[in-house]
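Just so it is clear, A, B, C, D and E label the chains in written order, and each chain counts residues from 1 on its own.
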Amino acid sequence: MTQVSLRNVTKRFGTFTAVDGVSVDIPDGSFVCLLGPSGCGKTTLLRMIAGLEDLSEGELMVGGQSYGEVPAHERNFGMVFQSLALFPHLSVADNISYPLRIRGISKGECRAKAKELLELVQLSGIEDRRIHQLSGGQRQRVAIARGLAIDPQVFLLDEPLSALDANLREHMQIELRNLQRKLGVTTIVVTHDQREAMSMADVVIVMRDGKLQQIGTPMEIYRNPANAFVAGFIGVSNLLKGILDGRRFSLSGAQLDLTPEDIIPDGVAGPAVLSVRPEDITLFAGADGAGPHGRVTFIRDLGASVEILVDLGGAEVTSICSPKSRPDVDIGDEVTLEIHPGRSKVLAA
Amino acid sequence: MLAISFFRQSSGGFYEPVFTLDNFGRFLSPFFAKVLTVSVSFSAGAAAIAVAIAFPFTYLLVQMSGRAQAVALVFLLSVLSLSEVIIGFSWSTILSQTAGIGNILAGLGLISESRSFSPSSGALLTALVYLGFPYSVLVIYPAMSRLDPEIPEAARMCGASPVRTFFTTVVPMMRNTITGALILVFVFTLGAYILPQTLGRPQDWTLSVHITDQAVFQSNLPFASAMSIFLLLVSLALVGLSMLLGQTETKR
Amino acid sequence: QDRSLKVGTYGGYFQESFDTHIYPDFTAATGIAVESIGEPTGESWLVQLQAAARANQAPADVSMMAQVVRLKGASSKLWAGLDPKAMPNISNLPDHFVSTYEDGTVSGVGAVAWYITLVTNTDAYPEAPSSWNELWNPANEDRLGLISLITTSFLLEISAKTHFGGTDILDTEEGILQVMDKLGEVRRNVRLWYRDEGQFQQALETGEIPMGQYYHDVAGLAAADGKPVRSTFPSEGGVLDSGSWCVSKASTKIEEAQVFIDYMCQPEIQAKLARNVGTAPTVNRELTDLTDEEFAAVSSDTPPILPRYDIYEERGDWLNQKWAEMIAG
Amino acid sequence: MTRVLKSIFVALVFSFLAAPIIVVLGVSLNQPKRLLFPPEGLSLRWYGALFRESDWLGALQNSLIIATCAALLAVSLALPLALHVWKRKGWMARALYSLGVAPFILPPVISALGFMIFWISTGFYGRIEATIISHAIFLVTLPLVTISLGLQSVNEELLEAARSMGADARTTFRTVTFPLVRPYLVSGFAFAFVLSLNEYIISYMVSGFTVETLPIKIFNSLRYGYTPIMAAVAVSFVALAAIVFGLIARFGDLPRLLGAERASR
Amino acid sequence: MTQVSLRNVTKRFGTFTAVDGVSVDIPDGSFVCLLGPSGCGKTTLLRMIAGLEDLSEGELMVGGQSYGEVPAHERNFGMVFQSLALFPHLSVADNISYPLRIRGISKGECRAKAKELLELVQLSGIEDRRIHQLSGGQRQRVAIARGLAIDPQVFLLDEPLSALDANLREHMQIELRNLQRKLGVTTIVVTHDQREAMSMADVVIVMRDGKLQQIGTPMEIYRNPANAFVAGFIGVSNLLKGILDGRRFSLSGAQLDLTPEDIIPDGVAGPAVLSVRPEDITLFAGADGAGPHGRVTFIRDLGASVEILVDLGGAEVTSICSPKSRPDVDIGDEVTLEIHPGRSKVLAA
């Protein structure tokens, strides 16, 4: 039972509040991503869980026990640091078995365990290399292996993949996720890359300025963002200002009738914002359609998809389509927007 | 421990523990004013020349490959380990009539007949520059190696010739480091004691020579202390200043 | 029986001569081993001895000290008072070579004497100069090497003797200042004010600095070595200076020291020194078996200029200051 | 064109730096017992003499003992100081650091006189311990700077990693911090060692001729224009320094040790 | 006429060849992106054009004249460095007018020009600030303004946007491109981000290990990659091994009939590789279709699109679809692939 629970956890540095009253329950065995922009307090929160920072306020429970007073080196957690923090003066095997040696386990056993862990991360046979002889991806795996050496109760990772190049990163995401599925260890990963979070997580926790914004599965958050910040941070979102009247949403020169599938929070009426995903906007050449219309400002043809930017009376709107369904428009052309019904969310203005 | 030793020497006299300002009084004579002027001008001159050579030298040094840099640094550090005694002896030999550059110059026909250049103010200055040069390189080196090499390149792309680039970007950006190096060499050469004796004429003898004379030859410790307290204050002020400057530069 | 003694003499050539010619015989004769110490210039050695004595240490038991320094040491009771009865041979020495404390104990015993003379490079000066007045000769501009320490150069005495008829003028401060003024005129002729003998000797031999004051004994050795160097006793006389054996009060080897000093005061030893080291004997000449020729090599019949050690002791700081101002111009 | 000028400039500077070394080297190869340059007749006898003549050997011994002990002492003073400064980054720590750096930056005559007076008044004047301690204090700057550099290069996350893996403070120091700064410790030792070996004025003023070191001996023999051994000593010391620093450059990152930010390629 | 032509341009550092015989013609007024993985020699090539490195071999022509011997400071090029290389000791205005002052232009004129340039990059009113008082995006613009101050013949930029965060970067891409359109200056930008290259460039030059791989418009390169490296580097590509016989391509357990629109280079036959873009693969649940089939290994649901990874007998294949057209499959399910006709390219094995 290694459920991790935070109750009103707060961290202040001097007068600055880095983490502000966060309460979250992380279920046993789940894979959680802590997501947010730079400086929002992700690392600080993770470090508090690890015991590397004291809590200014609030309570931390692990497996039902209060952990606030347990020092870091008695927590039996595994941790992977952003810089990886591999010991440059030790060999790969010695790095991996460091936590075991600290616990007084014999050399032979350590060596056996290191071998086993290297197999787990698919790196057999490099036991005796030095850290500086490894590639980025290999180091990554050694760090993960070291974090798992003591069969940790909880596995913490701070932006573990940010130093890798795009291809390797996507590959490691898959590997990490599969590894966690196999071991079933409660895992918390910090990232500021929403794509990464959505690729890996069972549960995503979105933070901003030290405050919890939303917690949920990736799809819940994508479809039903709690606010404009979350909408913009998870994927691309077009935030269209207008007036909500019942199910009717009026925006510059056009009116939309929202369907029951569109999400309208209780109590919102009058000035409001409609969050629409780029893939839910289709463009038609010409200004004669029924929907709102504007002028194309930029086209980004990426091959696999085409992004078209439209100036909609001051607001910039992005539409994404596949190359096959690309409308025949060019920069400066007038276009009409069609917003797909049932896929938008209304947010309070 | 250091504090105690400095503290003690300030307290009047060692031989007679009677508090007296006579030593400071004696120091405030026209003669010592002249000595002080001499000391300061030599150190200032040596600092200026040493840094003027060391700065472009270091600029070129950091552009070399890591290996060449390492070799050059090893060489510099070895030079650093030459004691003042040897430096003085070597320069007096180099500048002598029989074995020195006089012969080379005469051979080249630049002067009609080999002559000696030592002792003279020039000889002393040369040796002081020699003494201070490795230190100024070592002070300038870290800051210079942190200088983004793209900055002078940017200036070149803006149309500045290499020389112009050096004076419009590298020099102004390193102003504080240069000051720091100047002060360090200044203070350091202020302490030179053997060089002025072996390479200078009596009018070139600096305060350090007189301090040592008083302490070692005249066994007048109180007076030596009074002079070194003065020297200490001057140096401390300058060192403090250089540290301050060094700090503001690294803060950026 | 391993008795030993640390003996300090001026380093370099002096020390080497003692090492080869004197100490082995002494050890053979007395069974006392000698550890030879090379001293730096007198003043700094005095400071060292003084400081060491405070810490109850003796870097050397017996040291050869020049007269000014010996006096300074005596005034601070740095030297142990020796028993004259333990050293019968000191009776060979004229009185002025034996210094005593008020209580009759001996503070210093003359060890060797030497002359400071006018030296020249024979290539630059085919004719030997005859007078100290050459130092003032405008023709010698930028050609002289003189000793920069007042207490070892004795230029005051030289100047007084050459231009003021004797050293009596040095009795008063005004007189000294007058002499200094005269001496100031030499300054433009001086190329090198040296402290380090080696530096001057090298320059003299190569002709770089062709004239100056130097030690008669060392110059003689260089000449014998075939170097173009000569030493001349000027008509006013050479400066006769001497070194005395003094024993640090911190020494625990007083007895051995007395044996050593007594040994050194034998006429045979003094003659040996004259022959091998080139110093003038401190015992009366008649007691030695030196031939006239041998004696002439280390001394001269011209009456010497005798240093005024007293003024350095009385007006040390003042003289120093004036001297420093004088040579710096 | 400019490249040629640059090379000429660098070459000139190097020959300026090398000139004295060449002179001493030349003198040390003299056949006769004179300080002649250019040398007359080549011979290595003075190098041999350095190890045969007992007074030079004694001075060499003294120098080596002093340099070794002083460098060790300096390192053991510098390590705790550097650790303290590294852990507490307040102004107190900075002031302490400045204090450690000060003796080396001030004119050495002053330190020498200070030490001299201190030792005379405590009655340790003329003892080898006095020279050792004085040197250690004078040179403590060097290991202090190198160790501090080393500590700065220790990524704090390494220590936290050790902690998160179950190591307490002492274990962390023993298994992580210390092994990582060890090379910097060694080079601090080397710097202090080499400079102590060549230090003149402090040794001279603190124990002068009671504990004669090689630089003092050299100065004396120079004074009496005496023997090329002193040149041989100087050359050996330069060679020693070159070897020591060469080894540091070979096995460590010398440019970084001297404060360059970018590691050498 | 500021066409830039490289003829067999080569750069060696010691024995290492950083740029190897590159010949390219860059038309007057075009916007060119130099693209390639880290260490492939992009920066070196740009620096040779700038005159900051000598050519080991080959020739550089600008506007019809040989430029090999012209020193950098006489080239009248503008350049923006990766580190920006703004002068910290000068104000914003002084930075921008530095190239003018070097050319002896009066203070007043310099000031006026600086003002005008700041307007151009939308930064009016910060003339007297110091560089360290600016944000990343502002610095970027100041560097661009400085590069443009002398109306350069050629404008060179080395990864100008790599230090900016994702949003600002996309914004600056648009701005930079629009600025270049307005001024018409021949522009060469180094980047290692293919998305950036495709967003901005008229012409993309792909390099690898110092050698030119391909040059063409973004779409040419996407549709018709010269080799497997280009196919994989520009967008995601599935490289399927098989045997080509005429227009028939046989791969593990299936056969494809290629249409005339599929690109088959002359002379390729027998063992070959088919490059297929993920958006051109559709998946169907079940193993009973006609196409090749495999097993789903990972699903990355990013909201705007869904990536499904399939193990196809050892080869991993990625398919991208919109959330609407997502097949009803899960990890471990068997799927059949349909490859869209007319959009693949055959590459030599």
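A few points about this structure:
Please note the rule applied: a contact is a pair of C-beta atoms (placed from the backbone, for glycine too) under 8 Å apart; a residue touches a chain by one contact, two chains touch by 3 or more.
For reference, the UniProt names are A, E = ABC transporter ATP-binding protein; B, D = ABC transporter permease.
Just so it is clear, the structure is predicted and the values come from calculations on it, not from any experiment.
Common neighbours of chain B and chain C, by the contact definition above: D.
Touch-path distance (fewest steps) from chain A to chain D is 1.
Measuring from the average of all protein CA coordinates, the nearest chain centre is that of D. In whole angstrom, the spacing between the mean C-alpha positions of chain A and chain B is 59. As a whole-number value, the distance joining the C-alpha centres of chain D and chain E reads 53 Å.
For this pair, chain A with chain E, the centres built from the Cα atoms lie 27 Å apart.
Centres computed as Cα averages put chain C at a distance of 39 Å from chain D. Shared contact sites, meaning residues of chain D that touch two or more other chains, fall at 35, 116, 120, 222.
Shown for chain B are the residues that touch two or more other chains, namely 162, 215-216.
If you check each pair of chains against the touch rule, the ones that pass are A-D, A-E, B-C, B-D, B-E, C-D.
Residues of chain C touching chain D in their complex: 10-14, 36-41, 44-45, 48, 51-52, 54-57, 59, 195-199, 201-202. Interface residues of chain D facing chain A in the complex, by the touch rule stated above, are 155, 157-158, 160-168, 171, 175-176, 179-180. Interface residues of chain B, counted against chain D in their complex, comprise 1-2, 4-6, 8-9, 14, 53, 56-57, 60-62, 65-67, 69-71, 73-87, 89-91, 93-94, 99, 130, 133-134, 138, 141-142, 145-146, 162, 184, 187-188, 190-191, 193-194, 208, 211-212, 215-216, 221, 224-225, 228, 231-232, 235-236, 239, 243.
Within the complex formed with chain C, the residues of chain D that make contact are 35, 55, 116, 119-120, 123-127, 208-210, 220-226.
Remark: chain A residues 38, 165, 174, 177, 195, 198-199, 218-219, 222-223, 234-236, 277-279, 297-298, 300-305, 309, 320, 322-323 touch chain E in the complex.
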